[in-house]
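What follows is a group of structures, each given as structure tokens.
What follows is a pair of complexes built around chain A, which joins chain B in one and chain C in the other.
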Partner chain A sequence: MSKKAFRPDVDAPKWKGGYSPYDIIKEGTIALVVILVLTVIFAVVFGSPDEKAITVRTWSNADPIDFATTALSELNGTSTSAAYGAPYNNVPGTGQAMGPLKLEQWVGVRIPINAAQDFVISPLKSLPDQPILDQNLKTWSTASTTTQNSWLSSYGKAATKMKVAKGQIVVNTTSAGPLPIMINDLTQMARSGALDQALVTGHGFYTTDYTKPLLFLADSGYLANLASNQHLTGDQWGMMNETGSYPGQAWLWLYTFWYQIAPFNTSASGDALVFATMGVLSLVLLFVPFIPGLRSIPRKLKIYRLIWREHYQDNK
Partner chain B sequence: MSTSEIDRQWTTRLRRRVEGKLPPEKLLPDTQPTYVSSWIYVFGIATLSSLGVVIGTGCILALRGPQWWHGSAYGHFINSMHLWSVEIFFFAMVVHLWGKFAMAAWRGGRALTWMTGVVTFLVSIGAGFTGYVSQSNFDSQWISTQAKDGINATGAGAYFNVLNLGQMLMWHIVLLPLGAIVLTGMHVLMVRIKGVVPPFEEGAEVAE
Partner chain C sequence: MAFLLSFAALIPLDNLGHYIQWHIIEISVANLIVMILMVVTFIVALVAPFPGRSRRKENR
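Up next is the complex of A and B:
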């Protein structure tokens, strides 16, 4: 019977050398105490970040014009959420792809979001005792799509010179139908804090789902500006950072790295490409023991001679 | 009851299998091969210990609920410990991983040990990420609204909704820690069963 050849990157030699005393329980206890002490020292010296969450109320009070123009973008379908596609809504031509794999489109709409209804119309309808607003909402809902688009276009053009006067949103147009009332009332609702509640109570009294308010906030310029000031945007390696001078998710450095270079930061399917690349790299790392060539790298690099230097010195 | 009947019992067979694979002297050894003498070995036990601190501090945070730490100095301190133990955990785990790569620690029938380690690393990244989006502060608002695009691009976002605080919190405190703990347990048992990989036998090198 022939003996199987020894493969140095797959097989390990049988240890025929000596053994030394080893107290595994003592080692584990010492390690736990050291890590605990280190953790306490870091926690005392550096603490942890806790920048207060922003609300629709804080956003609309800090920058009412940004809020009002974002609300307009939800109505005319130009906001990120309104034009997103799956899994939020059906928008032809949207969705990223990994080559022929159009996973986003194939999965379809699973978390339905109608930006105009969910972020503007429904919250306005929830306001009690507002006869003028109710009349304007009725005018909006009974108008044809062509008429609505005409109003949106007129409002959009005038909105470039939007002002806030005595707390009211002022847009100089007479051909935008009910939109000036609707946008102004939504802004007042947001500034009072009522819109925050209206957006999260879509599922009833109890909820832990903040999908709608987060999508609405993400459509604003306000959130992005705050993040940029904190060095959190994608081109600032923001995926791995957090507010303040904290290490954040440093272990995501390779994932974040791809977003800094082409074609990942130029492709319309950049996110899909990054995930596909990281998926392949993770599989390579997982199956290193079975990949000829890759599994030989440690033996050729010889870093192991540093790790086991005492062993090799003793066996010279 | 005959001896042969006892021998055929599932319980007896499982016990004998465990005893054969993992006798007490392997599970709790009092000696180790002399080549296990390097600082790199510290990072394995450091990873385990920091995982213990991560879970311990997470349990304290769970006692008073997810909003407690925002309004309590003691809660904030525990959150800080939770954060820093996570940072130490990942640092130790990455050094451990590359140390094991340098040793080609998969040799000698240890491929599954390597693979459980890599999967534990990936599951831990998921656990860390869901923690960041469950903080209910500005960081979680920004990170979740940015991360949704990447996860949606894979199709997974339709089921794993990073904007749903309740879903993320449950993944963070139940599913992913459970996965990390089970995988870590398997990984450690495999190390105890197979032992620490011996050094390369220089002179026995054969090109593949």
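Up next is the complex of A and C:
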């Protein structure tokens, strides 16, 4: 029977020396207690991030003009949500892909969003006892697409000089049909807090589906500015940052690193590319013991000899 | 309210953070401190003697 050659990367020589007792329960308990004490001390001294939740109400009160222009973008289909594609809506040419793998198209429209209907028309229709608004909504819904586009265009041009007077959205145009009333009423609805509730989708007893208010907020310039101020956007390594001066998720540095360089930060499929890259790197990490050369690095670096130096000194 | 305030952090870190920018690299000072502490802990773990070393030697 032939004896197999010793492979330093894979095989371990049989230990022929003595053994020392090692109390892993004792060491684990000490580590647990130390971490517990440190956690309590840090919690008492520094607390934890406690940012107030941002709602459509806070947004529309803080920046009513940004709210009104975002509402207009939902109506004319230029907002991010309206033009996103899957899983929210069918928009040709959208959706992230990895080469021939059309990931988002494969998923399809799983959470249907009609931006104009869901964010503007339906909430306005839910307002009770609003005869003027109801008339304007009827005018809108019975108008042809060409007429609607003409109103949207006129309102959009005038909206560059939009202002707030006595709490009302004022746009200087007479050729925007029912839009001035609709946008102003939606803004008032948002400022009262009623829009937050109207946007929450509730199919059961509990209403926990915040998809619509979150998408509406994400279309705003307000949320983007808040995120940018807190260094939370993708191009600011935001994935590893936390609000305020708290340390964040530093271990996500490699994920967010890719978003800072080309082609990841220039491609429309940046997320898919990062996903694929990290997938490949994770597989490499998983299979380190099977990759010749890579698996030899610890043996060649000899850091283990530093950790177990007492043993190696005794066995020279 | 006063009772609740007694649970407030001694040094709250809710104020806007400080960030260090170097070319494409941007890192918060808080994250940098945590990373430095992790590296220091790693080096200490490497070079600090194992507890009970002298006792083990005596037992030999």
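Criterion: the second predicted complex is superposed on the first by the 311 of 316 C-alpha atoms of A that agree within 3 Å, B and C clash if a C-alpha of one lies under 4 Å from a C-alpha of the other, contacts with A are read in each partner's own complex, and residues count from 1 in each chain.
FYI, a contact is a pair of C-beta atoms (placed from the backbone, for glycine too) under 8 Å apart; a residue touches a chain by one contact, two chains touch by 3 or more.
Note that the structure is a prediction, hence the values are computed from the model and not measured.
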Figure out whether A:W106 sits in contact with chain B (first) or chain C (second), or with both, or with neither.
first
Given the touch rule stated above, what does A:L75 touch, chain B (first), chain C (second), both, or neither?
neither
Counting residues of chain A touched by each partner, does chain B or chain C come out ahead?
B
Which superposed partner A:A115 touches (first chain B, second chain C, both, neither):
neither
After the superposition on A, what does A:E310 contact: first (chain B), second (chain C), both or neither?
both
Chain B versus chain C as contact partner of A:I261, first or second or both or neither
second
Which of chain B and chain C A:N229 touches, first, second, both or neither:
second
Output check: A:L285 vs chain B and chain C. Expected answer is one of first, second, both, neither. What do you get?
first
Does chain B (first) or chain C (second) touch A:W237, or do both, or does neither?
second
First, second, both or neither for A:I183, with chain B first and chain C second:
neither
Share the list of chain A residues that count as touching for chain B in one structure and for chain C in the other.
20, 43-44, 46-50, 230, 242-243, 246-247, 250, 303, 307, 310
Complex contacts: residues of chain B adjacent to chain A:
28-38, 40, 42, 45-46, 48-50, 52-53, 57, 69-70, 76-77, 79-85, 87-88, 90, 94, 99, 101-104, 106-111, 114-115, 118-119, 122, 125, 128-129, 132, 135-147, 149-155, 157-159, 161, 163-167, 169, 195, 197-202, 204-206, 208
Over in the complex, which chain A residues touch chain B? Could you list them?
5-15, 17-25, 27-28, 31-32, 34-36, 38-40, 42-44, 46-54, 86-87, 96, 98, 103-104, 106-108, 110-111, 207-211, 214-215, 217-218, 223, 226-227, 230, 232, 234, 238-239, 242-243, 246-247, 249-252, 269, 271-272, 274-275, 282, 285-290, 292-293, 295-299, 301, 303-304, 307-312, 314
Okay, in this complex, where on chain C does chain A touch?
8-19, 24-31, 33-35, 46-47, 49-50, 53, 56
Chain A - residues contacting chain C, complex
20, 43-50, 229-231, 236-237, 240-248, 250, 260-261, 303, 306-307, 310
